[in-house]
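Both complexes shown next keep chain A, but they swap its partner, so chain B is in the first and chain C is in the second.
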Partner chain A sequence: MNQYWKYFLMLGCLGALVGIGFVSGPFVLYLATRIMILSIFALGYNLLLGRTGLLSFGHAAFFATGAYGLAITSIHISAHPLLGILIGVAAAALLSLCIGFFCVRHTEIYFAMLTLAFGMMVFALIWNLRSITGGDDGLYGISRTAISLGIVKIPIRNDYQFYFFVLFFFMVSVFLINRIYSSPFGLVLAGIRENHIRAEFSGLSVKAYRLGVFTVSGAFAGLAGSLSALLESNVAPFSAHWTHSAEPVLVSLIGGLQTFSGPVVGSVIFVALREVLQRFTYNWMLWFGVLLLAIIIGFRGGVVGSISEAFRRYSRP
Partner chain B sequence: MGESLLDVRMLNKAFGTVVTAKDLNFSLYRGVITSIIGPNGAGKSTLINVLTGLLAADSGEIWFQGREVTNEPIHRRVKQGLGRSFQVVNVFGNLTLFENLAIPVLALKGRSKDMIKSIARLKEVGEHVEMVLTQVGLLDKAYMVARSLSHGDLRLLEVAIALAAKPRLLFLDEPTAGMNPVERSRILETIRQLSQTGEVTFVIVEHDMDIVFSLSDRVIALHKGKIIGDGSPEQIKMNPQVREVYLGEEVA
Partner chain C sequence: MLQSLVHVCLAGISAGMFIWLVASGLTLVFGVLRVLNFAHGSFYMLGAYLCFAVLKAMGGNFWLGLLLGPLIVSVVGYVMERYLLRLVYHLELPYQLLLTFAMVLIFDDLVKMIWGAGSIGSPAVPGLSGSVSIAGREFPVYNLFIIAVGPLVALGLYGLLEKTWWGRIVRASASDREMALSIGVNVPLLYSGVFMFGAWLSAVGGALAVPYVGLLTTGMGEAIIISAFIVVVIGGLGSLKGAFLGSLIVGLLSSFGTRFMPMLDMFLTFGLMAAVLLWRPQGFFAEG
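After this line comes the complex of A and B, so read on.
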């Protein structure tokens, strides 16, 4: 696909997102907000999985760190949402740096199991530190106070205002992650995925780059977490549970690991499909599983991956 | 023999009872094309693996340009100018040739940590990559994906990735295996040129005796982890021990 098409598509999506913010009802608005938050989570995560080839099962821990970071800041220090997000993201980045330090020494299944183990430790901590995290109750009563920037105050209390607040962070994330994909750092990550020994023999410390991308993806997970805390106005310990770590994995797989927009498309499918199925059947998990299986097997390289492959073949016979 | 680039002292490496390096002592000199020969299992590839850091030595010291590198990780040795290519094609399969070479060039120029700037804007990187692609004759395929190349082109790319990191000392593990005569003469010509300008000192592991004797200034013969012959190609041809264990009928 050439550059113009890409920009055209991006502009179209942006137009649609802004349109949703103005015309849609509260339910669609809520779903769209959740899709954007999940997209931020998965876009960052796919830097690790699709780009670098590392499968982590512990990213819910960073998502929860962002959420609890914002909640604790909001309850105890200041309800300014930007400060909460800043602290949430910083805490998630710091935690992923520390956990990543131990995990990036290993690859493949050992890496996956280590991240899983650390993730479960974080969950257990959140569950047990009742005085700080509220234990199994979580924390609630997080208010969406207006963002005061000196003389200007931007309200985000109602759902439409908050939608545009999340849209702003979604766009910033898409922009930043897109830059990373076309940057030298991004190419090195792809090189590590393709052949980590050759990357080492190119004069690169593979471990340092793995740690770098682990931290970046942890920071984006933290951003997603703190936005979701604002959306739901509460945080629950199960956001740190390893089952939640599977979400960005599935979403990236559905959309396409080797594509930039895959995680976004995957998030749309994931959230929409679940909502629709829950309407029609009590056994929604069963049908959800069947459909996911069909998508993953049917679309090799993910939905975006296989469609753009077909597009390429069609345009160049 | 000139300035020594790499010094090996009392190097040992064994896998269980199989000894692949036994009390090795030798130096490699700037500008001297050296070939390492020996029968299969003589320890040639293992020696390269130990010298470049892929395997740890059991004991002994490795000094590169006056600094000990015995325990340095691979990427630090590469940064200091110790490069290698691989016997089996070992490239970044799903990336284009340009990207394959951009990875070592970015590392070389210290630009590999940049997360924001686009690669397309780094002119010096692009120019260096194109220079190396021209050197090995792959410039017209710069935007092809590596895994779609023919075997001979892959071998050229294999050497090109090693060259792109601007090594001072470069180990080539059977660089011409599987190449057609045109590709072979191109790669040998590139080696001669780079060697003459003194930019890169080559050490070659090779089975093809024509190449060994026509290209190298010095030949080291290994057998069971020991050096059994070390000298000019003529001296090696005459060395009775080498003839016995390795060259045998080939030179007779």
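After this line comes the complex of A and C, so read on.
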């Protein structure tokens, strides 16, 4: 696929997203907003998993940090959404920098276990510090007040207004992560995934790069968290639980780990399929498990990877 | 105060023994197959539900459930190893972990489909009901029985691995797979065997938990697998001795934590896990 097709496709997607914002009913808008938030989470996460080859079970903690950061700001300091998001993302980035500092000393299974341990420590704090986080009740009553930018005020209260608000952040995230993929930093990450010893020998500080990507992906998790707090108008402690960390993993895997758009496609499939399955059966997790098995055993490229592989094979002769 | 301490200790030890039954299988499977199995907690859950189902079908005999339930689970374990896990040994770690995670989702929902989503009660055990007086307070006999079972299983495992021919083969394959293959060990069969045995151990834990927990829920697998992860990390991945001591530590830590500082209980346990991983990733009790 050449460059023009890519731009064409991206413009088409953007057009479709804008179109959805104008014509859809509240339910579709809600789903589409959730898909975009999950996409931000998974795109950031896949920088770590797909690009650098590190499996983290602690990213729910950063998601929750973003959500609680926004919620606490909005309840105690100011309900300005941008300030809340700023604080949420900053808190998530800072926390992932601190946790990452320790985690990047290990790789493979030890890295996964360490992120699990730290993530669950954050969960334990959120669960137990009732006076700040509301304990198992979580925090609620987060209002979507208008964004005041000096003289103009942009309302985000309505579903479609908020949809465009999230769309803005989604586009910014896609742009930033795309830039990271093609930057020297992003290329080094892929090099580390392929052979970290060789990367070390070429004089690169592998740990510093790992810490860098860990923090970046933590910040995007925080952004997704604060947006979801605005969407749902509440935050719950289980958003920090390790089982929630599995969500971006599933999404990236369904879409395709080694592709840029994989997490976005995976998010669409994940949210849409879950809605459909829940109509027919209570046991939607069973079908996700089966889907996951099929992808791991048969289609490790994920949906995007498998389709582009088929496309390449078809167009070659 | 003293009697309270004694009882907190006893509660911690008996809770630790359940974790030990899961962690022993987990660490054995990791030591030989090099796969960290998320679904090991599901075997615990399946063991409990199947024990309960057998017990219901066979007129309420708990011991029959304890015998048959785990056997069925080890067959489930065989199918999982032979037809799924074997396909991913050559893949990178994320795929292996995620495959076992997918199995957690599948097992959870299968159990919900078969036995319903709510929790189901469990009966008393004939012969081990009632309680005895220890340090001036009542303590259930069944919990004492559990405290005895744990070390017995540990002794049995030690004997099996260190003193028998089979144990030598298992240890040899764990330390060098290629060498074991080249001297004619049927490694694939051995892998199946070890995985079945690990699943059986975990399911025995689950079956024994039926009278202990009082209520069966699908969440019991996830709850115990995380404790077992902590335990095998503290003890050193692949070390059985470490897993036994780690189980005691985690059991005691959580019972003392719940009793004296309920706010910090979970935080401390995971903090300990992180600290061990950082300073002694080979585990506290691993040799060398």
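The rule we apply is simple: the second predicted complex is superposed on the first by the 311 of 317 C-alpha atoms of A that agree within 3 Å, B and C clash if a C-alpha of one lies under 4 Å from a C-alpha of the other, contacts with A are read in each partner's own complex, and residues count from 1 in each chain.
We take it that contacts are C-beta pairs under 8 Å (C-beta built on N, C-alpha and C of every residue); 3 or more make two chains touch, one makes a residue touch a chain.
This is a predicted model, so every value here is computed, not measured.
Novice: In the superposition on chain A, see if there is space for chain B and chain C together, and answer fit or clash.
Specialist: Chain B and chain C fit side by side in the superposed model.
Novice: After superposing on chain A, what angle in degrees do the C-alpha centres of chain B and chain C form at the C-alpha centre of chain A, to the nearest 10?
Specialist: After fitting both complexes on chain A, the angle is 80 degrees.
Novice: Applying the document's definition of touch, where does A:128 land relative to chain B and chain C: first, second, both, or neither?
Specialist: Second partner only, chain C.
Novice: Going by the contact rule set out at the top, does A:186 touch chain B (first), chain C (second), both, or neither?
Specialist: Touch partner of A:186: chain B, not chain C.
Novice: First (chain B), second (chain C), both or neither: which does A:7 touch?
Specialist: Touch partners of A:7: none, neither chain B nor chain C.
Novice: Quick one: is A:200 in contact with chain B, with chain C, with both, or with neither? Answer first, second, both or neither.
Specialist: Once the two structures are laid over each other on A, A:200 reaches chain B alone.
Novice: After the superposition on A, what does A:27 contact: first (chain B), second (chain C), both or neither?
Specialist: Neither chain B nor chain C is touched by A:27.
Novice: Look at the residues of chain A and decide whether chain B or chain C touches more of them.
Specialist: Of chain B and chain C, more residues of chain A lie in contact with C.
Novice: For A:109 in the superposed arrangement: first (chain B), second (chain C), both or neither?
Specialist: A:109 sits against chain C, while chain B stays out of touch.
Novice: Quick one: classify A:249 as touching chain B (first), chain C (second), both or neither.
Specialist: Only chain C; A:249 stays clear of chain B.
Novice: Quote the smallest CA-to-CA distance from chain B to chain C in the superposed model, rounded to whole Å.
Specialist: The answer is 13 Å, the least C-alpha separation in the overlay.
Novice: In the superposed arrangement, what residues of chain A touch both chain B and chain C?
Specialist: Common interface on chain A, chain B vs chain C: nothing in common.
Novice: Along chain B, where are the residues that touch chain A in the complex?
Specialist: 52, 54, 73-75, 78-79, 83-84, 86, 90-95, 99, 102-104, 106-108, 111-120, 122, 125, 161-162, 164-165
Novice: Help me check something: in the complex, which residues belonging to chain A touch chain B?
Specialist: 179-180, 182-188, 190-191, 194-195, 197-206, 212, 216
Novice: So in the complex, the part of chain C that touches chain A is made up of which residues?
Specialist: Residues of chain C touching chain A: 36, 84, 87-88, 91-95, 97-99, 101-106, 108-110, 112-113, 117, 222, 226, 229-230, 233, 237, 263-264, 266-267, 270-271, 273-274, 277-278, 281.
Novice: Which residues of chain A touch chain C in their complex?
Specialist: That would be residues 49, 53, 55, 102, 105-106, 108-110, 112-114, 116-118, 120-121, 123-125, 127-128, 242-243, 246, 249-250, 253, 257, 282-286, 288-290, 292-293, 296-297, 300 of chain A.
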